[in-house]
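Structure below; questions to follow.
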Amino acid sequence: MQDPERPLVLCCPLPRTLELIFTPARLAELRARYQLVETTDEALPGLPDAVLAQARYIIGQPPLDAGTLVRLSSLRCIFNVESNLINNMPYDQVFARGIHVVTTGAVFAEPVAEIGLGFALSLLRNIHGADADFRAGLEAWGGAGNAGARLLTGADVGIIGFGDLGRAVARVLQGFRPRLRIHDPWLPEARIIEAGAEPASLDQLMAGSDVVFVTAAVTSENRGFLGADAFASMRAGAAFILLSRADVVDFPALMAAVASGHIRAASDVFSDEPLAADHPVRRLPGFLLSAHRAGALDVAFQRMGEMVWQDLALLDKGLPPNLCKRAERETVARMRSRPVSVN
Amino acid sequence: MQDPERPLVLCCPLPRTLELIFTPARLAELRARYQLVETTDEALPGLPDAVLAQARYIIGQPPLDAGTLVRLSSLRCIFNVESNLINNMPYDQVFARGIHVVTTGAVFAEPVAEIGLGFALSLLRNIHGADADFRAGLEAWGGAGNAGARLLTGADVGIIGFGDLGRAVARVLQGFRPRLRIHDPWLPEARIIEAGAEPASLDQLMAGSDVVFVTAAVTSENRGFLGADAFASMRAGAAFILLSRADVVDFPALMAAVASGHIRAASDVFSDEPLAADHPVRRLPGFLLSAHRAGALDVAFQRMGEMVWQDLALLDKGLPPNLCKRAERETVARMRSRPVSVN
Amino acid sequence: MQDPERPLVLCCPLPRTLELIFTPARLAELRARYQLVETTDEALPGLPDAVLAQARYIIGQPPLDAGTLVRLSSLRCIFNVESNLINNMPYDQVFARGIHVVTTGAVFAEPVAEIGLGFALSLLRNIHGADADFRAGLEAWGGAGNAGARLLTGADVGIIGFGDLGRAVARVLQGFRPRLRIHDPWLPEARIIEAGAEPASLDQLMAGSDVVFVTAAVTSENRGFLGADAFASMRAGAAFILLSRADVVDFPALMAAVASGHIRAASDVFSDEPLAADHPVRRLPGFLLSAHRAGALDVAFQRMGEMVWQDLALLDKGLPPNLCKRAERETVARMRSRPVSVN
Amino acid sequence: MQDPERPLVLCCPLPRTLELIFTPARLAELRARYQLVETTDEALPGLPDAVLAQARYIIGQPPLDAGTLVRLSSLRCIFNVESNLINNMPYDQVFARGIHVVTTGAVFAEPVAEIGLGFALSLLRNIHGADADFRAGLEAWGGAGNAGARLLTGADVGIIGFGDLGRAVARVLQGFRPRLRIHDPWLPEARIIEAGAEPASLDQLMAGSDVVFVTAAVTSENRGFLGADAFASMRAGAAFILLSRADVVDFPALMAAVASGHIRAASDVFSDEPLAADHPVRRLPGFLLSAHRAGALDVAFQRMGEMVWQDLALLDKGLPPNLCKRAERETVARMRSRPVSVN
C-alpha cells in the first residue's frame, strides 16, 4: 500500500465532494500524483494505524481528537474545504507540531463581491423594482421613475471587515472611484491605507457612508454588533448590504430601519435558513432579498480544488501553503460562523 | 440694454429649464455675470435685431434659419442642452463662421453606465428574479438558486460604440478586469488600444462576448444594424444590454432571441415610448425592463449646467469650449437619435 | 494623372522625411492607396493648377498664401509632422473652408514623459551623481550615500500644462500614487478633477510640490512666466524638471536657484541649442542636463506616420481626424514654440 | 519592576538603534506603553531570570540558545529589525511554542523599487551618460544623442522573485503598462496571475524581456543561479537590474556580458562591500553603479518602527502580527542573505 512517491491524502470533504471541487481532468491528476483514501468524518478515526501514520494531507474538516492526531504522525496540512473554521480539534497540539490548517473560503470572495455590487446598484437605481413595475404595466418613464436614485461614482462607501471578501468588494468598486472607508479591528491601519482607503471607526463608517457593505465574519466578540443605533446613525436613503453572516446584525432592528424608510437594505444571509414562509422581511419594501446564493457558484467550487492542488504542490516541495488561508493560533478559537450543510 | 461686461445669452432650453440645469447658487452667478434673455424656440426669431446682434451665446437648441443666423452676428456658441444634435440650422454657415455647436450629453454617460453594469449583474446573477421569487415564497437556496449564474470578473465583454457612454461603461467595468473588445467604426483602432481594449469587428464582438453593451447612437447608416443573425451568433447564455437607442436594434428579433432562451437581455430604451400596455416584452422572461430611466437623474441635469458654466468661462477668455462635445461638420448631418420631450 | 480612387497627397515633410515617419511596409501601402506628389515648401506654389486642385491632403507644414489656398480647392487636411504650429497661412480662410490643420506632436509625449520620470528619480536619488562618484572611486556606501534622498511614492507632485505631455507624465507616475496638482489655464477644472488630480494655481503648485514637471508650450502669453519668485517659493530640496521649452522659464533665475542649493533641476531644453561650450550650466552641481534628446526616438517618428495613416483612413470615410491634434481657431495664433530644424 | 500593564520588551536592535527606527514622539509613546529593557546580543543571556521570564517581545535579532529560550517563558514575538533572517536560534523550539519571528524588511521594498525604476530609465535613455557627456562638452543633440534608446511603456519586463520587493517593482511600473513576466519558484502561479502578470520559467523570462529586475533573496538553493548562459540568452540591448544580493549572480559573467555590448546592467549590490578601489566594474561602460544605497533611507528606518509599533498593538490584543513578515518553519533555514553591519 505504501508508495513514498505518492503521498497519502485522506479525503472526507462533505458537504463538498471531490467531483464538485475538482474538474475531471484535475481529479485524474490528483489520483495519479497522490494516494487518495476516501473516508468520512465518522470513519476516519477507525482507519488502520498504518494508513493514518502515512497520511500527509487531509482534504476535509473532520473532528480530530488528541489520540487520532497522534496517530496521524506524518500529517502536514488539513484543507478545510467547507471553509468555516470550527473548534473540532486540539489546535494547540496541531500548531505545536507545525501542521497547517487552511481554508479555501477565498473562492467565495469574488462571486459574493460581484453580487454585492449588483445589490448596491439595484438598490440605488431600483432596477429590480422598476422591472417588476414594468411587467405590471405600472412603470414610470424617464426622470419620473428615478425618485431616490443615486450615483455610486464618487460616493462615500464603507466596508466592514477587510479580509478576502472586503478586498474583493473594494476591487469591483474600483471603476466607481469611491471615497472608501474601512473598519476592521483585526487589521493594522497601514493595511487599509496601502489599499487606498481610510481606516474608520464603526461609528464614522456608519454615519459617513452612502453605501455600507458588511463582510465581517462572526466571532465570539461581534455577534449583533450592528443594531438600532447603528442604523439610526446612517444617512437617510443610504444602502446597507449584508454579505457575510446574519448574526453580526440585529436583524429585527435592520428591518425596522428599512420599514421606517430611513435606509434601504439587501441581504444574502438570514438567521434561519431556509427562512419561514411567513417571515415579514418577505413583504418589506426597500429590502432586496437573496437566498444565500451569493457564493455558491460552480466555478467557485472548482477554484477551491485548484487552490488545494497548487498548495499541495508547494507543500510537496517543502514550502508552506500560500493560496489557502491559514488558521491562526490566536484567532481560530474565536470563529463562530456556522458551516453550511448544503453546497 | 447693452453691457459689454456682461455678454448676452439667449436662453430657450426646453425641455430643460434653467432651474433644472443650474443650482440656485449657480443660476445667481450666471445672472450676475451674463445678461440672460429668456425666450423660446418660437419667439427667438422675433426678438429685436439689437438683441440678436448682441447675443454671444445660446443655451438651447432652437431651429435657426439662415436669416436669423445672419442677425446673430456676435454668436460664438450654441449649447444644446437637450443633447441630441438635430438638423435644424444651416450648419455650413454656422461652421464657416466658426460658431461652436456643442452638446452636454456627456452628463448622461455616468448614470447610464452605472445602471448598465447593474443590468449586467442582475442578468448574470438573476438578482431581480430571485428577489421576486423570494417575495413570492418561491426562492431556491444556495447553489440551487444559481442556475445559469456567471461571473463577470475576467469575462469577455464587448462594447459597441466608444463615445462618452462607451468609455463610462469601460470605466465602471475596471474592477472586473474584463477582456474588453470594442467596435466603433468612427474611431481609429489606436484609440481603442490605448484604452486597454481590443478593436473588433461587429461579428467578432457579438460572437466572442459573454456580455455586450450597446452604446452607439443612431445615425443615418446604422438603423437596425443588430438583427437576428447577430443575436444568433452570440454565445449561449450571453447578456445583451441596450443603453443608447432602440432604433439600432431589430427589436422583434431581439425579443425572439431572448424568448428562445439563447440569450438574456436588458433594455432601457424602446421604439415607442411609452410602450403599449400590451406589448409582449412585458411578459418576456429573461428580459430586464427599464423605462428610459437610465440617464434622467437630477444630478445629471445639474452637471449639464456646470459644463455650460465652465465652457462659458473658456469662451469668455477666447478659448474653445472643452467639456461640451462639439458638433462636427463631417458627422452632424448623420445623427438620427430622436430628442426627448420630457426630462 | 487623375485617379479618383487614389486621393492626391502633397508631401513636403521636411525636416522629417517619408522614410523617417513611415516604415517601409507602410510607405508601400501609402503609395498604393494614395497618389503621392513629393515636393518642397518652396516648390509647392509652383505646381500646376491641376495638381493643386486635386490635392486632398498635405503631409508637411508649408507656408501657404491666400492665392495658393484658393488653388488647393479640394484640400481637406494639412498634417503638420514637424508638430509645432506656426503662423504661416491665413488660418481664417482655412477654418472657414473647414480644412483641418493637425499636428502629430502627441507621439513625443510618451518618450518625453518617460525620460522626465527618469530625471525625477535621478534627482531624488542622485543616481547619476552616485554612478560618477563610484567610477571615480569616491562612492559613499549605504545610508552615507543618501544625503538628500527622497521617495516619490506619495509625494506632492505638480504638473504645469495638461496636454498630451502632461497627461503622459501623470500616467507614468501612476504607480507612485502621488498627490497630483495640475495647473493649466486653458483647461476647465473638471478635466483635471476627472483625471484624479487637483486643479491648482501656479503659486499653489510651485509652493506645494516636491517635484514639478513643466510641460507647457510657449504661447504669446507665457514667456518666462516661471522666474526667481516662483523658484524661491518652492520647497527646499524640491526638484524642478523642464520638459517643454526653455522660453517658459527665466533660465538664469532657475540656475541661481539651483546654485544656491534651494532646489534641484533637470532640463532637456535650452534657450540656445546647441548650448555654448562655456555655458555655466555645464558646471552647475544639482542640475541634470540633457541635450534636447527627450522626444527624438525612432519609434516616435514611426508613430507619427501611423497617426497620419489612421487619420487619413477616417478622412477618406468622410469623418474628422481623431488621433492628430487639431489647430483651433482660437489658439493657433498664440503658439510660439519654435519648430526644430533637425530630427 | 513588574508591571502587568506595561509589557516588557527586550531591545537589542543593533545595527539599528531605537532612535533610528522610532521618531522621538513614537519612542516616547513606546516607553510609556511598554517597559523597555535596553540590552545587547551579548548581554541578553546574562539578564536576571525575572527579567527574561517577563519579556513578552524582543526588538532585535540576538542569538538565542535553547536554555535562554526556556527562560524567556512569556516570549511572544521577536522583531528582527536588521531584516535578514539568520540561523541563530533553535527555530523548532520557537515555532512549537508559537513564538512569532518577524522581520521588517518590507520597508526597503519601496525605496529599492523606486531606484530600480530609476536605474532602468537611466539605462534605457542613458540619462547618466548624457549628463556626464554634457558636462564634458561632448553632448550629442536631439536624435543623434539617442543611439540605443528604448521606451519602457509596453515593454516586456521580467521580475525574478515576487516578494515585497518584486511587488513594489511591479507597482512603480504600473503606469508603463508593461507585459510583465514573473518567476518565483516559491509562489503558486495563481498569485502571479492575480497580480496581472504571467508566470514564467527563468529561461522564458531571461530570453523574453527587455528589462529584467532581480529581487530574489539568496537561499541555500539559488547561489549564482544567473550565469553566463542566462545572460547570453537575453535580448540584445536588454537591461539587467540587480537589486537584491550579488550572490544570486555570477558577477564576472555579468560583467563579461556587459563588456561584450550584449546587454546593459545596473547593480546596487556587490560581492564584497565596500568594493576594491581597483575593481574592474568601476571602469565598465554600460554598467550603472550604486553603492548599496537603494534601501537605506531615513524614511525607511522610521517605517520600520511604525511596523513594529502597529504589530505590537495587534499582539497586545491577542492577534497575530500582520505588517511584519513572519519567518516560516519551512523556509527559515534556507535563507542566506548576509545581514548588514552598517545602516
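Labels for the chains are A, B, C and D, by order of writing; each one numbers its residues from 1.
The rule is short, and it goes like this: a contact is a pair of C-beta atoms (placed from the backbone, for glycine too) under 8 Å apart; a residue touches a chain by one contact, two chains touch by 3 or more.
Nothing here was measured: the structure is a model prediction, and the numbers come from that model.
Contact with chain C and chain D alike is made by no chain in this entry. Although chain B and chain C share one sequence, what matters here is the overlap of their interface residues, and that overlap exceeds half of the numbers used.
Averaged Cα coordinates give chain B a centre that lies 34 Å from the centre of chain C.
Inter-chain spacing, taken between the CA centroids of chain A and chain B, is 38 Å. Each chain gets one centre point, the mean of its Cα atoms, and the points for chain B and chain D are 51 Å apart. Listed for chain D are no residues, as none touches two or more other chains.
Chain contact summary for the complex, chain A toward chain D: residues 95-98, 186-191, 306-307, 310-311, 313-314, 318-320, 322-323, 328-331. Those residues of chain C that touch chain D in the complex are listed here as 110-111, 114-115, 117-119, 121-122, 124-125, 127-128, 130-132, 134-135, 137, 139-146, 149-153, 171-176, 273-274, 277, 282-283, 288-293, 296-299, 340, 342-343.
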